[in-house]
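Next, two complexes with chain A in common: one pairs it with chain B, the other with chain C.
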Partner chain A sequence: MAMVMTGEVQLPASREVVYAKLNDAEVLKACIPGCEELNKISDTELQAVAVTKIGPVKARFKGKVHLTDLDPPNGYKISGEGDGGVAGFAKGGATVALTEKDGGTLLTYNVEAQIGGKLAQLGQRLVNGAAKKIADDFFKNFAATVTAG
Partner chain B sequence: MYNFTFHRPTTVRQAAGLLARNPEGKLLAGGHSLIPVMKQRLASPTAIIDLSQVEGMAGVEQKGRSIVIGAMTRHADVANSTVLQQALPGLAAVPGAIGDPQVRNRGTIGGSIANNDPNADYPAACLGLGATIITNKRRIAADDFFTGMFSTALEDGEIITKVSFPIAKKAAYEKFKHPASGFALVGVFVSKRGSDIRVAVTGAGANGVFRVKSFEEALKKRFAAKSLDGLSIPATGMNSDIHASPEYRAHLVSVLARRAVAKATA
Partner chain C sequence: MSATGIGATVRRKEDFRFITGQGQYTDDVVRPGETRAAFVRSPHASAKIKSVDAGAAKKMPGVVAVLTGFDLAKDKIGNLICGWMIHSKDGSPMKMAPHPALASGTVNHVGDAVAVVIGETLAQARDAAEKVKVDYEVLTAVVDPAKAQAAGAPQIHPDIAKNTIYQWHLGDAKATDAAFAAAKHVTKLDIVNNRLVPNAIEPRAALAEYDAGTDNLTLWNTSQNPHVARLVIAAFVGMAPEHKLRVIAPDVGGGFGSKIFIYPEEVVCLWASRKVKRPVKWTADRSESFLTDAHGRDHVTHAELALDANGKILALRAKTIANLGAYMSTFSSSVPTYLYGTLLSGQYDIPSIYCEVDAVYTNTAPVDAYRGAGRPEATFVVERLVEVAARQMGIEPTELRKRNFIKSFPHQTPVIMAYDAGDYLASLKKAVEAADVKGFAKRKREAVRHGKLRGLGYSTYIEACGIAPSQAVGSLGAGVGLWESAEVRVNPTGSVEVLTGCHAHGQGHETTFAQLVSERLGIPFENVSIVHGDTDKVQFGMGTYGSRSGAVGMSAIVKALDKVEAKAKKVAAFMLEAAESDIEFKDGKFTVAGTDKSAAFADVALNAYIAHKFTGAELEPGLKETSFYDPTNFTFPAGCHICEVEVDIETGKTEIVNWTAVDDFGTVINPMIVEGQVHGGIAQGVGQALLEGAVYSKEGQLVTGSMMDYTMPRAHDLPSFHVGLTETKSPSNPLGIKGCGEAGAIAAPAAVINAITDAIGTENLAMPATANAVWTALQGAKPRQAA
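Right, the complex of A and B next:
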């Protein structure tokens, strides 16, 4: 099943700084909810392990993160796909756009996500909310990192 | 089949010790959320710590102006408690409306609120009465306890032991049941205790249980269903799934809030 989410955060930093942080593996690792490992394979490809914990469900996803449509400092697309073993699979991407606003940067994101397997079967009642929470948490963590410098 | 160790502590202290020694362990209360996901392999805890043999964790009693319910008290026992039915019938109606008899005979109040399922009934009662959640470490006000879908203020190693509900003069719960699961598509708990008016909603919000301040303000002037005439809440932030749209859920919130106030004042 597929879902779409959008959101925005205002950041107190220039677009150049925000863009650099969006490409920094250490920053991404700290911001992806439940991220245990994030290793750079190349400048645009990373290997990730993340644990998703939603209520009683706990699944560990292994997968790849790609950075595409690089357009510094206006934005890029971050996408990933993960295999959660028996839990199923998840894949999704976020188009991130940076615009100047109020002396800082307005980050808007458009997330598309898809899940399949048992997670989708069992979690239909909750999947939308859970995916939105993960996306919101990521950008909330990111905003905190940028604010902290 | 995968292996896990099974523990049956008899005191809260033992349970907390086992939890500390098993970081990948899980507490077992009624098991209605944990066991199905374990069967589906969507969770594989290394240890199960069953709370059913812990002494002093079940029962309903009146202490002064409060009703104190042990965390392991089954829904059916709360619903049938004569102490509760006399002191605070609006609260007794909540577990009485959960699921079906099988669920009510196993499920517990502590398990329900620790899980904080966005469609569960008890979170609405806790928030709607301004309850205090008591753990092995501290006391947490319901307003601070529910922090979003499936998340609570509970820390690792913390175990809910009791929930204390102040006795409100007027209180009632109205829910629109999902016909198959019995879950609240939307549920609204209202209460009036002196000047403290509360309207708490479960099932509707994408982020779990929440209070409706605009309804509470209107009810402060006069605690009557008529006070809510013409009031509604926006559909933004409402949950959306195959069962109901955000607009429909928002609509149900105002309908059920009026019904709940009418029931509380009848």
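Right, the complex of A and C next:
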């Protein structure tokens, strides 16, 4: 089951600062909702464990995160796939673009995600809502981190 | 007619235990030392299994065993099979892909089982199942049946080109084409018959027990046909010889076809119980049911009807792609062929018919028979074509039907079936009166005043039931005969047990079969018990589906009762010291013709067992008779359903405001049960037409995988039905019964869609006709003026 989400968030920092934080494993770990572990394997590859609860299904997803199309300070693509055991799987990616705006940076994102197994079987409205909330929470957390410096 | 005999509205015997929660379903059966099974299922629609690591799962608390598809293959457990051979038009046999009960090489649909965890408790088994690590290499899936045969489509099973199982045809292509060439009018329709999830209230379940002392296996399961399950599991899966396997299908909470088939979980529980030497129980949760019960329908069809200038039908042709899912389920091959193409003549005298059906594999759950099985699909094609043709030609839909109805019987259609009896004009006439079609124009005008569009839709359906004459189905590829058996045991006190090979899962056999015995033997209805669903009690039987229990199952009881009466007369002759030929039997009493000497049925029964009045040389003691009854033809229930709808112009919401059903089921045993069957059938047909639709994403995820996204019909979606009957008796069985179990589901979808399209003025409307779909169709249509 495929999902598409888009959004944007205005950040009070330069594109260089925002881009550096987007590549900082500690920052990402703090911002990804339910993230328990995020370990850098290389500059473009990370190992992640995150817990997600959607309706009655709670699962610990383990998987790899890849950073590609690196174009500092204009943006990159972050993608990954996670295996949630019997709960199913999730995979997808987000294209993140940074543009200068109002003395800060406008971050826009396009998320394409696919889920399968038990997760996909949940009510579509439930899953879409939950996925949107996860994306919103991430960028809200990220904005807070950037604002805090 | 007695108060409890044939034709009497008797309350259902079985309802007391059902509505007081005392039914005994498979999940209620508890065996000492029982373990629970949890299946590990694929989250992918198509993937290679690279490895299965059960190490962590085996260490979990309460785990008895973890078994995988590799273990199953190692133990040489055979594949599940499809038992009906269909040949393609080029003569080649259908291409049946291997269907192991647990996958080991590839998984082919979401929900395909790869491993099973046997635990002390269900919670422990489920927790451990989460720890089974399966490494998949995900492959591209194909989900849309219309795309499965395309060049470059992913090939699901090796060696089965274009995912094509067979390319079947029926009828005379040349004659049909010639009729089309000469036709004055041709109506063309593209039809999708939407995929459905059966959703019986009781989910599927299995409990297997191995007795190491006798080497016997027992399986309790939710089966509509336990003997066929035993036969397939013994002869094809090779689990145990038939005499070492007992199958018990106790109370079963609804089947609708989905419990005819032999499923992987039953095989796995049997296999596991022998391995762990303890009983193994599995009960599906609702999510598993959505993913793994065989789904229904799923046809894509292009259909055409040729007519002359007077609206006389000259020919019909249809090209259908039938989605059979990832594996061929037990009877899947027969549904879009001999249960579909053979009914394309409807109630009409059509000189030429040609039908082509391609059955394809897709990465979805298997598809098989579901209430009506092929006949709803056929009726939808025929009744939509006829209604649309009438509208296009400006002929009143009932008038076009009348001009084309078959009026003399027997009638040989160009598609195998020979209809034996019917009166289609009678049911149409009665329905038109009951539905007050005369007043429709006025109701339509009134509706417009409050923002509603009214529409009227007809469905004059036919079905082939009483499945089925064994020789006939054998010649069409069936691997089994479809006769039925009955054993009538008269006890020494005169009470009676009837052992039947039919299986009740909602039909009320304990009542209707007892009514037959009560009438025939003149004994109280309460003194009759019906025994079914246990291969150790009933010698053999073919189960219940295809509206066969009345026409075939009860006919077998009639034949056995004939034998009981004959034997009882011999006993009575000795008791009454008269010649056997002078003994008459009526109202439960044996009398000697022309005298006042008599003996009650119970006295004769007692004398049959104490055997004091005759010697062993003169007569065998006892009173128990068996019969195997094979029908001489299918039966052909038919009727007319009229649906009246109001569509909200602003929202597209459809309300069914009136429903009239006039059905010819032949002899009716219990009018209340028949009416209940009609109600349930219409509800399911309305569900298909307005609400239900199984949807897979293009990656093969079932996105309508719960009650949140898959809408079942509820009471408020339905009006109070006006139900009536006409009667022409079936000449093909001794009781004249035709069968009523599927009629509503067969008739209803076309009636609903004909009504909505009449209301909104466009034919471009697919099922399910949700408010959104109807509103969208309305935007592209100009509603017809109020008549």
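In this text, the second predicted complex is superposed on the first by the 145 of 149 C-alpha atoms of A that agree within 3 Å, B and C clash if a C-alpha of one lies under 4 Å from a C-alpha of the other, contacts with A are read in each partner's own complex, and residues count from 1 in each chain.
We take it that contacts are C-beta pairs under 8 Å (C-beta built on N, C-alpha and C of every residue); 3 or more make two chains touch, one makes a residue touch a chain.
Because the structure is a prediction, the values reported are computed rather than measured.
Judged by the touch definition given at the top, the superposed model places A:2 against chain C, while chain B stays out of reach. In the superposition on chain A, contact of A:86 is made with both chain B and chain C. Once chain A of one complex is fitted onto chain A of the other, the partner contacts of A:58 are limited to chain B, with no touch recorded for chain C. Of the two partner chains placed by superposition, chain B and chain C are both touched by A:118. Residue contacts after overlaying the shared chain place A:129 against chain B, while chain C stays out of touching range. When the two complexes are superposed on chain A, the residues of chain A that touch both chain B and chain C are 85-86, 118, 122, 124-126.
By the touch criterion given at the top, residues 1-2, 85-86, 88-89, 114-118, 120-126 of chain A touch chain C in their complex. Within the complex formed with chain A, the chain C residues making contact are 40-45, 110, 126, 129-131, 133, 287, 290-291, 697-699, 701-703, 705-706, 708-709. In the complex of the two chains, the chain A residues touching chain B come out as 54-59, 85-87, 118-119, 122, 124-126, 128-130, 132-133.
Only residues 26, 33-34, 36-37, 40-45, 115-119, 148-150, 183, 206-207, 239-243 of chain B touch chain A when the two sit together in their complex.
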